[in-house]
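Here chain A shows up in two complexes: once beside chain B, once beside chain C.
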Partner chain A sequence: MTNKRINQMFSMIKTLISIVIAMILAFVVILLVSNEPLNALNAFVTGPLSSLRRFGQMLEYAIPVALCALAVCVTFSLNMSTVIGEGCSFFGGLLATAFILQLGFTGFIAKTIAIVGAGLICALVAAVPMYLKLKFDADLFVASLMLNYVLLYLGLYILNYHFRDPDYGMTASYEMPRESMLTNIIPKTSVTTGLILAIVAMVVIYLVMDKTSFGYQIKLIGSNSKFAKYSGVSIFRISMLASLVGGFLSSMGGAVECLSRNARFQWTALPGYGWDGILIATIAGFKPKNLPLAVLFIAYIRTGADIMNRSSDVAAELVTVVQALMILLIAAKGFLSKAQQRLIVKNAKKLASLEGAK
Partner chain B sequence: MNDAFFSLLFSSYSLFMIIRVTTPILFASMACLIAKKAGVRNITIEGTMLISALIGVIVSAKCQNVWIGVLLGMVSGVAIALFLGYFHLFLDTDIWMSGIGINRIAEGGTIFLMFVLTGDKGSTAALASLSVPDVDIPVIKDIPLLGDILSGHSLFTYLAIICVIAIYILLYKTPLGLRIRAVGEYSMAVESVGKKSSHIKLVALAISGLCSSLGGMFMSMSYASRFAKNMMAGRGFIGIAAESMGSGTPFGAAISAFIFGVFDALANIMQSFSFPTELVLMIPYLATLVGLVVYSSVRKLKEKKRIRNANKKIAKEAK
Partner chain C sequence: MEPILQVQGVSKIYGNGIVANKNVHFSINAGEIHALMGENGAGKSTLMKVLFGMEKPDEGKIIVEGTQVDIHSPIDALKLGIGMVHQHFMLVPSLTVAENMILCDEPCKGPFISMSEAVAITEQTALKYHLPIDPRARISDLSVGMKQRVEIIKALYRHAKILILDEPTAVITPQESEELFVQLKKLREMGHTVIFISHKIREVKELCDRITIMRHGETVGSYDVDDLSEEDISGLMVGRRIAKKVDKKKAEPGKAILKVKGLYYGLSENRLLLDNVCFCVHAGEILGVAGVEGNGQRELVEIIAGLREAEKGFIYIENREVTGRTVRQIRDAGVSHIPQDRLTYGAATGSTIAENLISDCSGNKQFHNGILYSKKKISEYANKLISRFQIKCDSEDTPVAMLSGGNMQKVVVARELRSNQKLIIADQPTRGIDVGTANLIHKQLIELRDQGAAILLISADLGEVMALSDAIIVMYDSKIVAYLKDVPSLTDKQLGRYMLGVEQQTEEQIREVFDDE
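Let's turn to the complex of A and B:
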């Protein structure tokens, strides 16, 4: 076995162990707080598969977070922590709605303009904190976080003063025409052609990250930016491009969500897809090819938790805690590192003795 | 409208409000500062504030003693900081990742716990929790205008001001402060004289957690008299922003926290004058962005100047 294989194997085992620990904790908490623990556990574990509608609900959640996680796979591969995905998914959803309401026509072209237009604007927005980081050495995390709130309040202003339907009970935009929303592909659910968009995006980003020089340059900057610089990679150009791509993808996540489920835009707070995206991308090791599995897993437990919330006395927020615990354990380089080290040393000794025997 | 607006803006009431809304941001910025001085970017302040705010409310309601509530809230803040420290320092977890993780735990965990205890996901209105008393300052309260502005604040507000001074003294006048700053600058130097850098970082984190917990409890036990879902609304993050604008000193951070407080109060006041609240609420964040750029570019210019001077000096000496 080579060291690379051992490392790969370990990162997989570590991910699995982290997930198991977090899930065991979830089960223990359910047993402790619930008056009807079996009912709750049953809903949590088997809920998403119990009906087509619930399975669809799982996919509905998976689509936007898959796109946001994809954005994180691109931007976090630079080894720079920008959390603008949260703001972009919100603003993207709002802008897409705004485009549809403003355009005088409906149909395929309107949808395309809405999603692409919102995506391009958000791509530019997402590049702002990266620009500030690269040109002025501003703190990327703080800058992107602040921009999230700017986007939230700007978005709410646009909603309240331009698109708000005063006759509707809650804060919501005017109704979008059905023909301008994404086409439903699974009856009785809100799963739309957004699913196809998400799958296409995953394939494209996988190819870009693993098969093109652009993807390689991103990863090179992430693993050793000095080496990248001295090998002639333009850090500025590549980082800016990567954050443009990230902003576009996050915005697409929000836009697809808004054009799928509700005919009205109703978000009055940041939707949390950006954070979930970071979480899922962490589980996938920031590799697009692992992403589908990670997305489906998280969507499964999230949907299970929602169903549990509705059919028993345990709150769905439990799963937010469980997910976060997973990130902590998976991101902990020191977790299980001793066992990994031992295995590498043992393997090296074995190889050395084999060499000696020759 | 204008006259009414300005007379309200410059009234003692609004100055009182500014000091009041600055309190949590001040605590958060101190929490960020002390951790940053030790070389740890603590972004869990927001989450820590949430958890401590809830713990304080729950314990004060269950024990019917506000001080036990405050004490356990503080303990919970320190515990979370140590939890972060354990993951970051001993399990070698990326600081951003552990921060994001802990904030998510706080966000979901507080709602979960609140639901278990009260059956309500929105707020702890069902709990008979206690509040920290307001304090009248003996002499100042009798001075006409000044008394209205400076006296009668929550105990925590005065604690926040003391906190700034205490952090300053701790950092610049005590051996521990020297060690904390040394660890942040160059941890090897500290290791080389036989001090464990991870222990010093943990101490700094614990203090950071303590400051965050006070900020959180101010929100749930003084500003409001109950805990509500996501009640920090980014104040912990604004504290981080205030710190990074404050040029790395306690008083600098305090001044920029105050500026954020001004905008926050301004938003409160403008709300009652049918000005788009959303745009006013946006100002502090936009100001942070601008502030970050200004601060970073000034720092960069200084750095360049220093290098140029050093080069000149070397060239001179070579002659």
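Let's turn to the complex of A and C:
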């Protein structure tokens, strides 16, 4: 067995252990707070798989967050944290709705224009904090975090002044024509062709990250940016391109969601897909090939919690606690692996000095 | 007279097995300026860290004013009256001078720090030692020389009677150096003792009373500075070396590949790191750059490789100007670069060997099937290099971090030497690695030279420079001070004199290295 194999197994086992610990703690909490713990547990664990409708509910949640998590896989591989995904998913949803309402026609071309158009605009927006970072050494995290709120309030302004239906009871856009929304593929659920889009995106991003020089250069910058520069990689170009791709994917997550469920755009706050994307990508170790499992797992416990909330006396917030625990443990895993790395380097140096002494 | 500080038989072995100090003896009298000299890696810094409590010695005694002491931390050292001014200042840049002065020992009024008192303390100390400073100035606004002064005042305020200055003149301008010397002499008059670490013999001759010379972790001896000539000092520092033998034919230099013309760097900081550097490297020739580190070599290499931008001057590769081009463009012009710091610039340790080997040509068609990478083609390519450079590893998928230092360096060298490069910049190519790997790298370099590559070899190891080079330039104080064409008849003593600035060739002699057709 090679060193690499050992490392891979090591990190898989660690992720599994943190998931198991978090789940066990969730069960303990259920046992403690519930009067009917078996019922609650049952709803939590088997709920999402108990009917096609519930399974569909799981997929509905999985589609937008999968796209947002993909965006995070790309941008976080640079080892620079941009959290613009949240704002982009919101703005992408809004812009896609706006495109549909503004275009004089319906159908496949309208949907394509809406999703791609929104994606391109959000890609440019997502590149702004990266540009500020690379050109003016602005703090990427703060710049992107703040830009999320700019996008939220700009979006709400656009909604209120241009697309709001005054006859509707709450803040919402005009109704989109059915033919311009994504086609339903599982009856009795809101699972649409968005699922196919998400799967295609996962395959494409997997290939880009693992099989092209663009993905290789992104990872090289993330691994050691000085080495990347020394090797002749243009940090500016690659980082900007990665942000563009990230913005596009996040926006697509929001757009797919908005063109799938409700005929009206109703978000008045940030939807949280960007944050969930970071969470899921972290669990997947920022590797697109691990993403499907991570997405389904989070979607599964989210849906399970939701069902438990409805059919027992345990609140759905429990799952937030579980997620937080998992991230804590996985982040701790990151900390441990750093120590492991240091040990390895030290060991290597020791070996070298032994060889030198010979 | 009773020495104020004595070091007896101190040894220090680092965790990685490097013996930094071996049975060091050393004593300093009160009220003298004592120079500590030695080449890079001679163990000066380690010895000073031991004295300042930053490293614990494995053997030996330290005696301060007649009593044996254990120094566990810098705080202990300060209590004993030992203060240190580091080469890289230990100051908080965003705070003012006064705030830095009182750090850890804040004068308080109730729960609040009394700023007026801090300012008063700083002013008093500055006045007492004739070291004027503005207590309210922010550290980040000060010049390097003033920052150094703050460090000195800070040490004096903490009642340091013995001041250790670690290469203080390496970072400041010549004018500031002059001023520093005046101040240090004043401190000597006031009864303070100074340990002065330097590479520059002239400074030591000007300033110091006595000198201790170190070589390979041992003390060679202590002398009165007036008893030694500059030649004596450089001879004692360099010692006698066993010349390395490398088999090679006589070089047949072809046309000039690299031309460097009038290169300047550091003009804006008012401290020249490169001062009108001109030279040529020809096809089929190894030009060695000798010199004590920190005399401009690093800047020179980084500018040629495109990692840094020159402030003035021109660089040509095969008569095409490449000044200010990107690393990509320079690499495409046929330049490869073995960096001196392999962990920072030479490799991504978390990535695999294969990934490291293709880093500079990741977009190359030879690794692709259509637009996607071919795992097979990359593996084949990597394995070819692994066997050619005898890299010991499980497979090409092993992360570089798992390799020993020597094998890591082989990965770097394999990537840089693999194909028909026109110019190879080899910056300390064999530092810190085993003899076997070093020989392999030397052999590869000579082979490439014979195939017509131009090689610029920078090395702090005199033996390596003399064994490999067909001609040598010596850098001292940011300038080229000698161009030596007849390497076989050169002795290390001669080279040492140029390296330490004892001797310098005439302008005409130096100009010969730049043949502008």
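Here is the rule we use: the second predicted complex is superposed on the first by the 332 of 358 C-alpha atoms of A that agree within 3 Å, B and C clash if a C-alpha of one lies under 4 Å from a C-alpha of the other, contacts with A are read in each partner's own complex, and residues count from 1 in each chain.
Just so it is clear, a contact is a pair of C-beta atoms (placed from the backbone, for glycine too) under 8 Å apart; a residue touches a chain by one contact, two chains touch by 3 or more.
Keep in mind that what you see is a predicted model, and the values were worked out from it rather than measured.
Q: Is A:L207 touching the first partner chain B, the second partner chain C, both, or neither of them?
A: In the superposition, A:L207 contacts chain C only.
Q: Identify the partner contact of A:A315: answer first if only chain B is touched, second if only chain C is, both if each is, neither if none is.
A: first
Q: Looking at A:K287, would you say it contacts chain B, chain C, both, or neither? Reply first, second, both or neither.
A: The answer is neither, since A:K287 touches no partner chain.
Q: Per the contact definition in the header, classify A:R164: touching chain B only (first), chain C only (second), both, or neither.
A: neither
Q: For chain A, give the residues common to its interface with chain B and its interface with chain C.
A: Touching chain B and chain C on chain A: no residues.
Q: What residues on chain C touch chain A, complex-wise?
A: Contacts found on chain C: 15-18, 305, 307, 326-328, 330-332, 337, 339, 343-352, 355, 358-360, 362-363, 367-368, 371-373, 394-395, 397-399, 401-408, 432-437.
Q: Would you tell me which residues of chain A are touching chain B in their complex?
A: Contact set of chain A toward chain B: 33, 81, 83, 132, 136-139, 141-143, 145-147, 149-150, 153-154, 156-157, 160-161, 269, 275, 278-279, 282, 315, 317-321, 323-325, 327-328, 331-335, 337.
Q: Over in the complex, which chain B residues touch chain A? Could you list them?
A: By the definition above, chain B touches chain A via 41, 43, 87, 90-94, 96-98, 100-105, 107-109, 111-112, 115-116, 121, 230, 234, 237, 240-241, 244, 276, 278-279, 281-282, 285-286, 288-289, 292-293, 295-297, 299-300.
Q: Using the touch definition from the top, list the residues of chain A that touch chain C in their complex.
A: Checking each residue of chain A against chain C gives 2-4, 7, 207, 210-213, 216-217, 219-220, 223-224, 226-234, 341, 344-346, 348-358.
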